[in-house]
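Next, two complexes with chain A in common: one pairs it with chain B, the other with chain C.
After this line comes the complex of A and B, so read on.
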């Protein structure tokens, strides 16, 4: 077992959506306080758990319990589902309330917040980031995924605000991807089974990493840091090799990409360990991870949803990997306190 | 491929006459026989550039490469086309080489495409086949 536990993706949720109303303007409370919304938002968070295996049990309320040697990055997971919402104005009111609730109820000495922003209104999101960054409770900015790729200029207002405050971006699927209109689809088409969608979520990370690389996001924002949480990581070396090869062949199509894309992965991108089931049998793959690449992987439990534990991590990956991932996680959570690109990049 | 003649000297690199300047169209890589060795030739105005027929990446025949220009390193979403007619693209993987120096464009690989010195005497084109440059 490792000395410290750093969980860069612990989910926390409200038990009753009515609990958010106190953080909303009165008229918006009235707008949301009806079955049409309360019923459907509950269902929208329950979209993927449609089999016995993934059945929806009431999620235990998150209660912060400070423990020595333990740190958690809290993702208000119910905010992620706004990527499937039709009402984008209402989604901002909802997110604002959820973030406020999270700051008041889930943050403690050992837990900090991944502030969930609106993917539909980057300018509004940038204002939100700037207003909350100074509170000291926020360690990252969580972007729900939509079909706008993360490498495009659409996201620049959010990235500007993040870079201004040394806040890394974290992204994680809400579960409605490949299912609800408004959220990104998965490659190839529409899958019938929620299990297909679940196992193919890494598509979203691969697509967005390629977009970030080839659309020059890390040249516009050289210090921007992005964690793809919950997508696994074993597939990363093959993506890096493929991107580098295509860059060598077709560099003139993307002349703003001045370095092999893999170098930007090593300086700007983070991946997480969940689902640990993806990375069994390390001796069959870990030679693909050199020292620099290993520095970019962090642990996330995905708790309370079929979560990975530190003990499981150590059992599956061994104590050396496990300890490294925890140390990497501490570096990730400390990015907000880090000045300048040199300190945040591996050398 | 133009017929060639050779001027040799015991102490000098060998100069191979590979044809008349007019034999080489612009913007088209032409093969030429230089003392029994096939090389690639690219004309750019009144200049002639000669290079190895073997790509340093995986040995593709550069005589079948494409004469091109390239996009210089730029800010995101900007294109700055340059070096028109001075770049040869490998036919297999599209790697780009500057025919003036043999260097890969923007340093995408360390290895160089070997290039040879050329001379134009009157209208005759000579390739100097000492050690290849690059």
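After this line comes the complex of A and C, so read on.
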């Protein structure tokens, strides 16, 4: 039997912003029809600059190609960068158009969409989720990160809509974090190098997981599932131990958190494999990942920005763990079709 | 009580790299301040009493500790805040655990991280350093001190390092970091002086992280509660390590040693491999570094044990210590007298036998030099029996 390949984080972008105009009211077309915005499409596609080089290679266009045994979750990455936008009203128009374009152009029998919602207007986003959930093209809801932490009640309208439609949440950095006002800061202070920023991106996932745990978000939404994509996963055991330790010390301060945070991580949080290249000498650390924890990790290629492949995954983690990640990915993408808790929870 | 070595037989020295002294009465700093600065501080908020009778970094409405920041049983029997009585610290902590050396990391200084006035910061730090040199160091030769400087005025800090750095008992420089990352060349005068005096730089949380507009912070937004913030505070340590490497600090100062206190260490395996991988993908991203980033970490950094992660299985405990080069990078620390003080015997028994001697004293001896074994005048490299 051929192994199924499940990519829970494949990026797709448009080549010309003009292609979004057909999905916008005329007045908004006029608003966006300006050189600085239209001309920025290549810069926006320069997802995260690892260097300050002056030349940017255009990102290849995404063309959906159904292939037996393969499934992809498409992230319209240009939508993520609204976390750095100043015009939050315009951002919603843009996201609406981008999602429409994505549904019409990037979805096929083997690819489904991560619907990008506005982090600035949860009520509007909840409405968007409800309106698109029935189309069958959406497998997850993608939230661009802002300084409002994911565990706060600010996000409840979005989570309510997701739970209502069995849609998991996925979040991914946009690349402007630690740089633009309005986007979340990175750890420390002002970073001198884009390399530092890229290295430290996983801290955003750490902080938001801690927020989800200590704010008790999964007590409000016990079936909610959240995938932190593109942040790697090696750091998770250390975070889980720290959170449990802090909870033991201070559980009287957060009486709404009834269990060690690690139990909720194992039930409600997912991580992804990219960048698998940072996985060195698994034998020196893989014993930190017990069977339950391994059930929470999925494969993502990060294409076209990254180049992780199933073959590389297998080379780094070994065929058994690699195969498990693919099966985990299938479980994640099937969450929307699952009424019960079987697919959500390993136990 | 004594700590067993690898052989499990002989007792060995134990160097505690994180003990916090406090000043019993803040007025004791008076003689160490000029009239001008005494007036300045007496009229300002710094002199006002707080729960600890001292200033502290955190605003009282932000990340209040749910209980108390110190162990209730560490309050001196003769009164005063926890950590304010050297004799009580000996009888309560050093003597029972056979601690050979306690590295004193003064915590009144941590409030200085929020000072806006660099001259006031320098005056306050100077007074505090001199007070501790005069009071704690002569009290018992098991005490050693990290004098404290901040980045407000690096030239002034460097002058203080040169002035006080050769004082017997002074073994390191505690550097308060504010908005500027530790890799900034702004700190070069401090690093230059530290290298010249053969003193390591010690970086400890100052309590202001995530609180002030000009302090460093964990990633994301503002955590809501003390426990949530404390879960992710280690990120600030990781960020500064990254910044120092990427900015080429160790190419500028090849002898510089950095002791990271209370930032944890079990995330190191992730940081080292991620730095190496992302740098290998694009070495031109930083023109400063010449070796794999993890090599700089192994060569220039040490990390203290407290708070040691609590594990649920022996497999997990063993895995935690598999960080590359960890046996040469780990130093014992207790964080006495804070609420989460790690019991020396409990912790040392959790350290794998193969690295126990390094963690107990050998790594500290390498980083701080023989002067860290002040209580044992001519400390040989190994085979020292017992503590006090």
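Definition applied: the second predicted complex is superposed on the first by the 328 of 347 C-alpha atoms of A that agree within 3 Å, B and C clash if a C-alpha of one lies under 4 Å from a C-alpha of the other, contacts with A are read in each partner's own complex, and residues count from 1 in each chain.
The criterion applied here is as follows: contacts are C-beta pairs under 8 Å (C-beta built on N, C-alpha and C of every residue); 3 or more make two chains touch, one makes a residue touch a chain.
This is a predicted model, so every value here is computed, not measured.
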First, second, both or neither for A:220, with chain B first and chain C second: first
First (chain B), second (chain C), both or neither touched by A:250: both
Touching partner for A:120 - first (chain B), second (chain C), both, neither: neither
Which superposed partner A:196 touches (first chain B, second chain C, both, neither): second
First, second, both or neither for A:187, with chain B first and chain C second: second
Touching partner for A:206 - first (chain B), second (chain C), both, neither: second
Contacts of A:258 with chain B and chain C, given as first, second, both or neither: first
Per-residue contact with chain A, leading partner among chain C and chain B: C
Chain B and chain C contact sites that coincide on chain A, given as residue numbers: 215, 247-250, 252-253
Touching residues (chain side chain C, partner chain A) in the complex: 66, 177-181, 183-184, 216-228, 230-232, 234-236, 238-240, 242-243, 246-247, 264, 266-267, 269-271, 273-282, 284-286, 307, 309-311, 315-316, 318-320, 322, 324, 339-340
Residues on chain A engaged by chain C in the complex (per definition of touch): 50-51, 53, 145-149, 151-152, 177-178, 184-196, 198-200, 202-204, 206-208, 210-211, 213-215, 232, 234-235, 237-239, 241-250, 252-254, 275, 277-281, 284-285, 287-288
Chain A residues touching chain B - in the complex, by the definition given at the top: 153, 215-217, 219-220, 247-253, 255-256, 258
Footprint of chain A on chain B - complex, ascending: 70-80, 93-96, 105-106, 108-109
